[in-house]
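Next come two complexes built around chain A: one with chain B, the other with chain C.
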Partner chain A sequence: MKKLLVILLMISLISLPGCWSGFEIDTLAIIIAMGIDKSEGGYFLTLQILNPSAIAAKEPSTAAPVVLYSEEGKDLKEIMRKIHEKSGRRIYSAHLQLVVFSEEIVEEGINDALDFFARFNEFRTDFYFIVAKGTTARNVLSILTPLHQIPGIKLHESLKNSEQLWAPTKSVRIVELVNAIVAEGKEPVLTGVEVTEEVANVKLPTKSLESLQKSEIENTTKYFGLGVFKEDKLIGWLNEEESKGYNYVIGNVNNTVGYINYGDKVKITGEVTNAKSVMKASLEEGKPAIDVVINMTLNVGAVEGEFDVSKEENIDIFNELAEKKIKLMCEKTVDKAQNEFNADIFGFGEVIRRKYPKLWKEIEDDWDNEFPDLPVNITVKAKTNQLGQITKPFFIKEKE
Partner chain B sequence: MQKTKITNHQLLSLTANGSIGGSVIVISATVASIAKQDAWIAALLTPVFGMPVIWIYWFLGSQYPDKTFVGIIKEIFGKWIGFIAAASFVFLCLQIAYHIPWYIGNFITTQAMPETPIYAINLLFVTALVIAIIYGIETIARASELFIYFASIIFFLAMILVSPNAKIENLQPVFENGIMPILKSSVFFSCFLTLPLITLMMIYPIHLSNMQKAKKSLFKGYLWANLIIFITTFMSILVLGSIITAKAQYPTYLLATEINVGVVFTRLEFLIVAIWIVTQFMIGILFFYSGVTGLSELIGLKEHKKIVVPLGLIILVMSEIVFPDAIYQANWVNLVWPPYIITYGLILPVILLLTFCIKKWIFKRVN
Partner chain C sequence: MLIMKFPKKITKKSNKIDETDYGIYISKDINKNIARLKNDFGCSSDLEVTYFMFDNNKDFICANLYIESLVDRNIINDLSLEMAKLKYEYCNAKPDINSNIVISYFSRIRDSKEGSDYETLYADLLAGDTVFLIDGYNKFYTVDTNADEGRSVEEPTSQTVIRGPKEGFTEKINTNILLIRKRLKSRALRLEKLSIGNITKTTVCLMYIHDIAKDEIVQEMRKRLANIEIDGILEGWYIEELIKDDRHSIFPVFVSSEKPDSVVAALLEGKLAILIDGTPYVLTAPALMVEFLQASEDYYHHYIVASMMRVLRFITFFLTLLVPAIYIALTTFHQEIIPTPLLVSIAAQREGVPFPAIVEALIMEVAFEILREAGVRMPRAIGPAISIVGALVLGQAAVEAGIISAIMVIVVAITAISSFAIPYYEMSNAIRTMRFILMSLAAFLGLYGVFMGLIVMTLHLCKIKSMTVPYLTPIAPKIKGGNKDTIFRFPLWKMKYRPIGISGTDTARTHGHNPVSSDQKEKPELR
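And then the complex of A and B:
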């Protein structure tokens, strides 16, 4: 009996460690980012694959940290398999960070592509979708950047950071994107990325050969603002200011910075530390209306000119000016969404559906015509908490 | 003969495990496709219908504390009708016993290891089933006691970690489509949560040491399972929204992929899988054990352990060919399973109860 047990245990040693579908890490090609461009009659897919020997080496390596493989075809899954002809390693996509669509693709609609991303079991749900503006997705993925070795991770991180610290971008993952597309009273947005020329290095003193080489104009990737969708199709862009307004309205601002002018000489910078918005639907003579209340807290970031921020009445002025500025910013965005795009990116329709389900059933089919005339009242309440490390500005003349 | 006995707490854990096992990872999809964002209300309603059913199970058992369910059926219905009814119940148990490895195999091959043959996965699972039943009911009960702690702790951990992604808007508007879809999906909940517990009847009266507290442990275990299933449904809708929940193959698993707290707590979806496999194992044991002991009692074997291995082999073979594909399985679960389990989990006990009462009444009149 004991011998039998030993034999059984030995057999289970072979089967239990789960090596059946196992793949060693040195046989995998780990995808960090995917770019989807349009080609004649199909897709042009670019995979950004990690080059482990360049990343893992202790010495700084001269090899590029990532490799791009592209292939053309009619079907995304088919193309991904076809790339095995080139890659030499098994493509593994559970570490995907980012999917870049080109503008041509999103203008035609992304529903078909999204099904693939939701169905394939190797994809998780934690990667972001962005749109390449004015360039191809391949071009976006091909640009190497100095601070982050891997461009895909750089794009992922800077999207996250710029959303949290600067506010005009929005990280959209598949669950949110699909929900926004299928919801009747809501349209999705995706952040745009563009390739810009970075000119900062030009003015470096040319003392060494190395800096000479580096002082050429380099390209870099940069987020631009939000792309407005109608269902699954891109119809236009919000600029940086309007994108910020969008995030204020939906309450997606964590932290950002803005300045206001007071008179001709005074400029005060405010740091928004928290901004929350509440959207409420109400009825005005049987017609729906939306009230948006934005509550934000500010810190004084900098003061230029003679303005004593330590005085209470001055802080009230500052709050009032900040409220006005944010209100104007939001109203501009709402106006653009209503009149230029006629796309309910804020989800006002969903707000109405939640409060008045019966009314929504009546206006649901006609929402495209109703939305531009929807009254939207925006109220901003600002409160300044902190002055920073100093109280009164240094260069203010004391009145004796 | 000395009967093996289990404690009340073990009965509680068996009830909870059996109830969670069949439903934790898939049920919210079916329910959300009917009741949309109100599915969580259906989950709250389920115990309202479930408690009377559990009460019937308890009552039948308490009247025959030294009989199994097969014995009870035979006692109440008489020799011939009883034999047919009991035989068809045993058939149900054995049939579902080979459905359960199919789910495990299907899940592992679609989500984790697509190249592995299903038999290789099912072999491990069925081997564990067979070993468990050869060890006997006491071991099973102790294991289930451990499993319920493991499953509950991990489950609540996962749900706390996923809660930052919750959006309260996904729940509104409440009662958008009226009460009917909620009731309808409540029926589905019952078919996966409540009615499979009929298999407990092969264990509960005969092996229980303390009959006084049996009712309490059955109800407690059942309510605990209900709480867990309510939370999965509630969180799935909160995080994923009702549309994605309804269309996901394994919504709770998808829910766990959304866990993203800091740098440390990511990629935890296999926590949910661990819970599911463990509880699925328990419901597999319940069905298989009921089938094996029921069959041996029907054909008059003294020792049920002799037929475990051959039946295990049948289960292993059947576990892959029972459903030709996932589409067939989805239809089977939606169309065949509810009437099937309602027949055995609800109608059969109710008829038993009625017959029992009528018989008792007649005996009283005669005496």
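And then the complex of A and C:
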């Protein structure tokens, strides 16, 4: 009898407190992306929610793979709950891929909004932040994409791929963003996204499914470059070239492609396969200075014109030209950051603080004035590894 | 007619016997003995009693008794012939025939035994022997006339192999002993016959190799077998259930094998074998947890291949135990740890499924169990019908009707296939039970519950023993150098010792010499 009682108690111990946090997948509204616009009262939040039944259908479905719900309110968490009035399913945000801020929001500052993203335990920390440039966040989320059924995942993937293979973007997650805002001597950047018009005469915007049935796309989302922040406020944009330069300086280039001209007729494309940068602080007459050394390895991607890359002296020329080009690119970016924005997006201040903590204490408060005059020496070292599947171009005749 | 049935009146007259005549030993009066026997067997109709008399001494009666259904007719005929010869030889002999002559004659007949008490007489009679009673002599002779009916040696049905011996045990204990002896020609092989079961008197045979088996374990086993007290033993499980260390534990602690080669391998590791008359399954003990994931074929293939197969079996062990539970836990509690594309796909499939994941899983698992059970029990002829119904109804129709999600079918299928990859049916039964427990824990508490269940299960496995040997032996307690045959099967020349903790004093399995190399240096590094 006593044994039976113990077993009964154990079963109820397991079963009574159980289940409380369990929700079946088909009762969840899975948020893929979140857009935050400004409204008069505060925020205008848009949720891109997965529509499983549209994906489940074996035949091409007439329903869109995602549904947008928007709501206005003063507080993000409050709006999220309020959306339940519309959604019919429990809002589930662990699979959030992406948060899009509108320009208006980031120009005013995102500190308050970020607290919610850092605090709420349902979020994972692997979603990216981006800024909608020249459009609203809702508009960005409303564009359907052909290759990826789910636009939020498409934006997530293409940010990752463009960062890895093309370099002018940067995927920024919550931890990195908050750290950059909080850190002294470092300012954050966020990638911008625009809605482009691919074909001039737009008849069907890619907001309807019929438009997806064609291979031509009328408009789509596209990353633009990096938005420069000062503290938590957006102050300007770097274009594609400058964004690449930024990534070279901070050593965030994995793989990219660029070309150089040699003389008038020769154009050589180089594929950067690896670019590492080392930032070092030094003292010049009691004043801090920064040395950036960029080591990169190249492959020859294409050669136009008569230029025999299989010759060693020609490879040296190629390396030299590449070094010059990258150096110029980086210097332009640094110059823009120093003189136009006065925002230390590279984290030079952080480098100085690590090496000369005492000196940093002195200049810390005056960093905004010191930064534009900070001497930055950029050295680029290029090395060519591979010429590709062929050595010299087809059209060069053998000189006997 | 020299041999004839004794007149009925004599038996009838002596049917009434006094209670006082009930002694342990047979008496000199043959009529009394026969009357008593008939009475004890309740005049069972297959108890055959034949009398024969001699011409030169009409008062001297002999009788033979046997149970008709147990004896071989041919041997009985041979025996009758012998008796006729005896009669002919002595029909005119002087002095008259008497008990001494007959006794001296019987002692020459092939494998005849002498006995004097009723219990032995009954046992012999019931074993199919023919009993000879001689007037005026208080002993009896038995001649083995046992009919050797039974299945011949066939391929095992429950443990099949691709490579390796294909002989399987039969229901006859003597054949089984022969199958083992044939493979193990050693005088150190010990055999101890017992008869267990108050009524069935089943012959049970304990087998081990002297010195290789650990003495304490042999003694413990002897003690436990001797202490069994039950009316009958019909299968090895009776013995296992009665003498296992932890009676309520669901995990098998005796390996039951249908294959003589695996039994011999177990004997060589110092384990004991228990052969039970009437079943083709031979028990070996002590059995370790890992043994149930090892197949005899592991030793008949290259060690890398065998290790791969064994690792696969360990994986299937965890798959069949955990897949449904983890699926339930993830889809109802921890959607955040499913990769997003997979979640999208699961969400798409679960769309429109009317049941929560646990109900869905239970429906499918129970349906599968029903299919399996039906497949085992029903007549062979209608076997294909079940698989068609199973595949169509469970696999396709349920998904198309939207009652079950396709991924659930995959989960159940992988669980089922994995459970069949475990070589011993007893172990997959145990895991099946654990699977249902873990599934319900997952439904209530998610991964937290699953791991709580796993911890409790591991504690239990650490606690139970098989014939005083801890169940998880080379892993917990960890035996240094004892893990050469656990997850990976090391090459034979590397497994130099028999399992420590199981085997007795003779521990060396091989010295590790390479027969190929010319270097014949002795390396006496064995302990």
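One rule holds in what follows: the second predicted complex is superposed on the first by the 368 of 400 C-alpha atoms of A that agree within 3 Å, B and C clash if a C-alpha of one lies under 4 Å from a C-alpha of the other, contacts with A are read in each partner's own complex, and residues count from 1 in each chain.
Operating definition for what follows: a residue touches a chain if its C-beta (ideal position, glycine included) is under 8 Å from a C-beta of that chain, and two chains touch if they have at least 3 such contacts.
This structure is a prediction, so every number in the text was calculated from the model and none was measured.
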Q: Answer with first, second, both or neither: which of chain B and chain C does A:Pro357 touch in the superposed model?
A: first
Q: Look at A:Ser21 in the shared chain and tell me whether it touches chain B only, chain C only, both, or neither; answer first, second, both or neither.
A: both
Q: Return first, second, both or neither, reflecting whether A:Lys267 touches chain B, chain C, both chains, or no partner chain.
A: neither
Q | chain C versus chain B, contacts on chain A by residue | A | C
Q) Touching A:Pro52 in the superposition: chain B (first), chain C (second), both, neither? A) second
Q.
Between chain B and chain C, whom does A:Lys392 touch in the aligned arrangement: first, second, both, or neither?
A. neither
Q: Check the residue A:Arg89 against both partner chains and state whether it touches chain B (first), chain C (second), both, or neither.
A: neither
Q) After lining up the shared chain so the two structures overlap, which partner does A:Arg124 touch, if you call chain B first and chain C second: first, second, both or neither? A) both
Q: Please indicate which partner A:Lys233 is in contact with in the superposed arrangement: first for chain B, second for chain C, both, or neither.
A: neither
Q: Kindly list the residues of chain A that each of chain B and chain C touches, one partner per complex.
A: 15, 18, 21, 124
(Q) Touching residues of chain B toward chain A in the complex: what are they? (A) 110-116, 120, 123-124, 169-170, 172-173, 176, 239-241, 243-244, 254, 257-258, 260, 266-267, 269
(Q) Please output the residues of chain C touching chain A within their complex, sorted ascending. (A) 331-333, 335-336, 340-341, 343-353, 356-357, 441, 443-446, 449
Q.
So in the complex, the part of chain A that touches chain C is made up of which residues?
A. 14-15, 18-19, 21-26, 28, 30, 32, 50, 52-53, 55-56, 92, 94-95, 97, 122, 124, 150, 153
**Q.** Touching residues on chain A, where the partner in the complex is chain B
**A.** 12, 15-16, 18, 20-21, 121, 124-126, 175, 178-179, 182, 350, 353-355, 357
